[in-house]
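By letter and in written order, the chains are A, B, C and D; residue numbering begins at 1 in each of them.
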Amino acid sequence: MRNAKTHDTVVHGMQPEDTPELRALYEGFEKESLIPLWTQLGDLMPMHPKPKAVPYVWKWNRLLPLAKASGDLVPVGRGGERRAIGLANPGLAPNAYISPTLWAAIQYLGPKETAPEHRHAQNAFRFVVEGEGVWTVVNGDPVRMSRGDLLLTPGWHFHGHHNDTDNPMAWLDGLDIPFSQQMDVGFFEFGADRVTDYATPEFSRGERLWAHPGLRPLSGLQNTVSSPLAAFRWVHTDQALTEQLALEDEGHPATVAPGHAAIRYTNPTTGGDVMPTIRCEFHRLREGAQTVARNEVGSSVFQVFDGQGAVVLGGERTTLEKGDMFVAPSWVSWSLEAESQFDLFRFSDAPIIERLDFMRTYVEG
Amino acid sequence: MRNAKTHDTVVHGMQPEDTPELRALYEGFEKESLIPLWTQLGDLMPMHPKPKAVPYVWKWNRLLPLAKASGDLVPVGRGGERRAIGLANPGLAPNAYISPTLWAAIQYLGPKETAPEHRHAQNAFRFVVEGEGVWTVVNGDPVRMSRGDLLLTPGWHFHGHHNDTDNPMAWLDGLDIPFSQQMDVGFFEFGADRVTDYATPEFSRGERLWAHPGLRPLSGLQNTVSSPLAAFRWVHTDQALTEQLALEDEGHPATVAPGHAAIRYTNPTTGGDVMPTIRCEFHRLREGAQTVARNEVGSSVFQVFDGQGAVVLGGERTTLEKGDMFVAPSWVSWSLEAESQFDLFRFSDAPIIERLDFMRTYVEG
Amino acid sequence: MRNAKTHDTVVHGMQPEDTPELRALYEGFEKESLIPLWTQLGDLMPMHPKPKAVPYVWKWNRLLPLAKASGDLVPVGRGGERRAIGLANPGLAPNAYISPTLWAAIQYLGPKETAPEHRHAQNAFRFVVEGEGVWTVVNGDPVRMSRGDLLLTPGWHFHGHHNDTDNPMAWLDGLDIPFSQQMDVGFFEFGADRVTDYATPEFSRGERLWAHPGLRPLSGLQNTVSSPLAAFRWVHTDQALTEQLALEDEGHPATVAPGHAAIRYTNPTTGGDVMPTIRCEFHRLREGAQTVARNEVGSSVFQVFDGQGAVVLGGERTTLEKGDMFVAPSWVSWSLEAESQFDLFRFSDAPIIERLDFMRTYVEG
Amino acid sequence: MRNAKTHDTVVHGMQPEDTPELRALYEGFEKESLIPLWTQLGDLMPMHPKPKAVPYVWKWNRLLPLAKASGDLVPVGRGGERRAIGLANPGLAPNAYISPTLWAAIQYLGPKETAPEHRHAQNAFRFVVEGEGVWTVVNGDPVRMSRGDLLLTPGWHFHGHHNDTDNPMAWLDGLDIPFSQQMDVGFFEFGADRVTDYATPEFSRGERLWAHPGLRPLSGLQNTVSSPLAAFRWVHTDQALTEQLALEDEGHPATVAPGHAAIRYTNPTTGGDVMPTIRCEFHRLREGAQTVARNEVGSSVFQVFDGQGAVVLGGERTTLEKGDMFVAPSWVSWSLEAESQFDLFRFSDAPIIERLDFMRTYVEG
């Protein structure tokens, strides 16, 4: 990491003189669909990750009005499928990627609207920063969406949404679309033009089977690639974080760092991540707490759920409030500061990085 | 299994004539600590498991008075450690084994008594069929014991018990003592003569960290051999079973068989069994339901938690009521019949059998 | 896959009329670094993988002269590091990627030349279609390179090459550079400007420890991410394939399909792939044999090692001879036909696809 | 381990006075098949493993004549199945167990004799200390048995033996019979009264498919519980050990301790032990080398394959020569001393102990 000798200083070692023979050689390469390594090594194999994606912050109070305007101007329906507005990393233009692996969007559903059913190989979740009244129907199982909830729609599960109320609702969609598109792994299939079940139960069938701590149904002993529990309710998340801080107050190990409570959402059949490509976590900082600056391989997206604070992202400090989102691309350092109790939802591509053994972390100091 | 040709009919194939030379050979064997296979094959390698352990039923209304009498006559304290009365399988006398792998006992703790702390390599749990008011202190963390709760004390965790009330309390202790003793894997260490913490919190610290469905503390990302969640509360178990039957009523897959709800207690870091040697489950049958007769490798112990019914065990039917316990040794068929809603706690050595790839199941019909 | 209703036919469902308000909205999106999903769904989430990479064949007899010319014109040394000529998929221009995940190059090392040591997070291997006389020094262990051998240089292992002879040598380099570059996981460090050990042993220390079938050194009981056996010799590969075909002749199951012998190179500590991102295999077809057409998620590269035959790639047939290489991008069908005994080395990104649970296969007929 | 306060010194804490009431209580226990813990804790839960099995040495020159006499006096055939003479640990009489988990026997097969086919859930292997000329037929695949070879017959594989020569042959059989018998997991089935294939190939089909270092047939990608490679040849074992010592001589890490080379036989589909219950290893000590004394949970059996040396077993030293066998029961310390180059085969129940998380090791000094 700290090797003084970089590509920049030594890269000219293999640059031969420009001669007619060399030009003929390079023309031969081009004709045969060949490209020499020695002319582009530094870009192909940097000393550490040098992402095109840039660290970036989106402000909720500027996003939301645009989402509302979309609700007025753009119908939702078959073909476009979703009134979803992607957060496009400026470094990755013209793609609507928030990072090379992740897609993040604000989805907006007006009163009584339905987003039709489909399924795709891509893994998806919804996180609700505000609102109430939409149900996501996942493989026929209606799942209520309420503030603070995390809802999964893992790969190849049919899903649609409908708004049961007279108010619009907006939420965060997260997917592995950029990974899927670049790695050519995506499949897609249309389903019902409406949702298959307009019931509005308080709890989905998946929760009724699986949301019991440490208890596994005997009808569900087969491990699954993604979590069969597809709704993680705010009441549980909030309680888990509250207890961690209370235990810390009582002098017991519980938090991940002083003043910093955090949980990871998991697949109860394995204890691992909820989906093969996306990690989801929730972090709570006490007022005044701050995290150590970290560099990590892979990219993370945060959304402020509550409270006030700031992020120092690649050395630049930005204040944050409810709904604000930011992305930390690979190996860009980030740290958080809490001005009040500060709650943040986080998702990342860490399962990709870890499963392929590319994870490294550098912690300052 | 159904091979007509058994050891009994062919075993004489290798029995040589009794001659002086043969006798000399057999004396030579004895002198050199040798035993020929051909004189004992049928016993060593039966056609299917032929356990010395017998199927057996213990009636709660006969156990409990003896436990109470022990409370009057036998002090609890260092050395004996526990006022625990082992259910001794008649086929395994003179050992206090309920099966070749499992130990089951009624432990009885009088008003204000303390059972001192110790730890051992053996894995243990407590299941509470009745009562309230005792706390188990596990590695310094006081865990309330109440009706319907499952409490773990995994191998090499210090633990003691104290009764905070003016009433005695009795519960079921389950351990892998017979396995440990026969396989020579046990270690033991004394701890405090009292318990290290007489606090009586409603929830243990382990629960406060871990009993949130699907949520894993970031301070607990290392997988553990045994469940870090060491208290499974009745309210959750009851709700999980109630939901399974309700889902069945609504026409959805949820139960393990019609009218038969069941959960397995799991280690949230892996989704697997709570301890390396002991599986714990809870089963609920609707009134009138019955299970198919099953033969399984390995042994299981059941305790009726509520309701009325019967077990057919190795072909013999016994009626059961609250607190009654029975053991199904390896390959002895068992089935349950429910006269009312019928709730049973079950524990078994299935993790041993499965991890060593010896599991087989035979289901009738 | 065969859904008649495609994005193309229904994609206009969400295209609103072009109004000043809509234009203002779209300008607002642009200003805030947002891109709506409904304008680009079909491209982002195709019905099945639609790779930009194209199926493509490179002919050895056109590559080799260019490699030789490079040997004359381009010095090898620090900075450029390797005289390696990348096979650049025309669909992925201007990148030198053979597929979105994989990099393949011909490396050429002249008499007595040295390619200096470095290490990188990217995983690499060499496969030798022809020649002798170069040693790769991996973490200080010199590994002979000979025709038919597969040599690994897993992520973050120092490695350099030196040619001990008076003849040049060319071979195939395979790496996960495109994956690493796009996903931002790469690290790089320069090592010695020469190789650290110019010894030319017949067998590397890694082989002497690990190349004994089924035998694991007690000093190597820790599982490793990549194979500690880093040289797979042709004599073993050839014998394994010969035996499979002989067993088939004798009427026993051994081949993967009639007339089709194949082995996968594995990590002996796990039985899994040799490196976390790259699968390596060797295939042998009997004269006249052909494989069924397959579509697979992920990309594969083949090099003909010996014999004559053809590939049908995305419906187009190309004849192949020794040294020829081709790439089958994701979900492009491929099949092989053997005119003589036909030997091919194959590498692919299947470990990436499988570990992230995106693998699907479609076999014709 | 070193806790001064042992059960012996404190066990009397819970012994109540002998009164008529107490006697009545104990009679009640007996009538109800109950046994109190407090009268037997020290035996049930010792401070560390206190095996009934004793450390013991069997001398080959005393075993072999008895095996030969058996060959004259006892026919081999259906019913008894094998002319196998079990090494019976004196501490485990009257059972023919060498340890609580393991069975070891000398099997003797006369000229042209056949031991009929059968299969059982128990896992078995053969190790050949001397001789040649017998084939074991495993699921129809004839496997040559020669000096230094390890041959597997994993659970539920049919197997029989036949001697193709005019000379008798004796070898070591190892099984998990005691574990199976005590844990009630055994099944047994008779097969052909002869072996199903009298061919005498040099290499079995399993070897032809699997005995290629690091190469896995594509027809064998499914992981298996036991090793599909069922013959481990002396030539490979010897070479692996020779290379380890040569590497040590050259100054490289390779041996498990100075002068101590060792390999573990593994399942190539997983890199783990060859069978779920039995670990097999081979150890070679240089002349003059000795191992540190170790206590381990679980039991091990050694057979001297070549050379001269000694074992210090539970503090007692015994000299050893070719063919001699000894058992180290759980937590009994053992160390080896080599007077010449000293080769030993070892098998143990470590997979049982490790999979159930009971392993501990104590190394002196």
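The rule is short, and it goes like this: contacts are C-beta pairs under 8 Å (C-beta built on N, C-alpha and C of every residue); 3 or more make two chains touch, one makes a residue touch a chain.
Predicted, not measured: the structure shown is a model, and the values here were computed from it.
Visitor: Among the chains, which has its CA centre at the largest distance from subunit D's?
Guide: A
Visitor: Counting only Cα atoms for the centres, state how far subunit A is from subunit B in Å.
Guide: So the centre of subunit A lies 43 Å away from the centre of subunit B.
Visitor: Approximately how many whole Å separate the CA-defined centres of subunit A and subunit C?
Guide: 30
Visitor: Can you work out the whole-Å distance between the CA centroids of subunit A and subunit D?
Guide: A distance of 52 Å separates the two centres.
Visitor: Can you pull out the residues of subunit B that are in contact with at least two other chains?
Guide: none
Visitor: Just spell out which pairs of chains touch, all of them.
Guide: A-B, A-C, B-D, C-D
Visitor: Can you list the residues on subunit C that touch subunit A in the complex?
Guide: Those in contact with subunit A are residues 1, 3, 5, 7, 10-16, 19, 21-22, 24-25, 28-29, 32-41, 43-51, 53, 56, 58, 62-63, 65-66, 69-70, 72-90, 94-96, 100-101, 103, 105, 120-122, 155, 177, 179-190, 225, 276-277, 297-299, 329-331, 349, 351-353, 355-358, 360.
Visitor: Could you please specify the touching residues of subunit B with respect to subunit A in the complex?
Guide: It is residues 205, 208-219, 221, 223, 227, 229, 232, 236-237, 239-240, 243-244, 246-247, 252-256, 262-271, 274, 281 of subunit B that touch subunit A.
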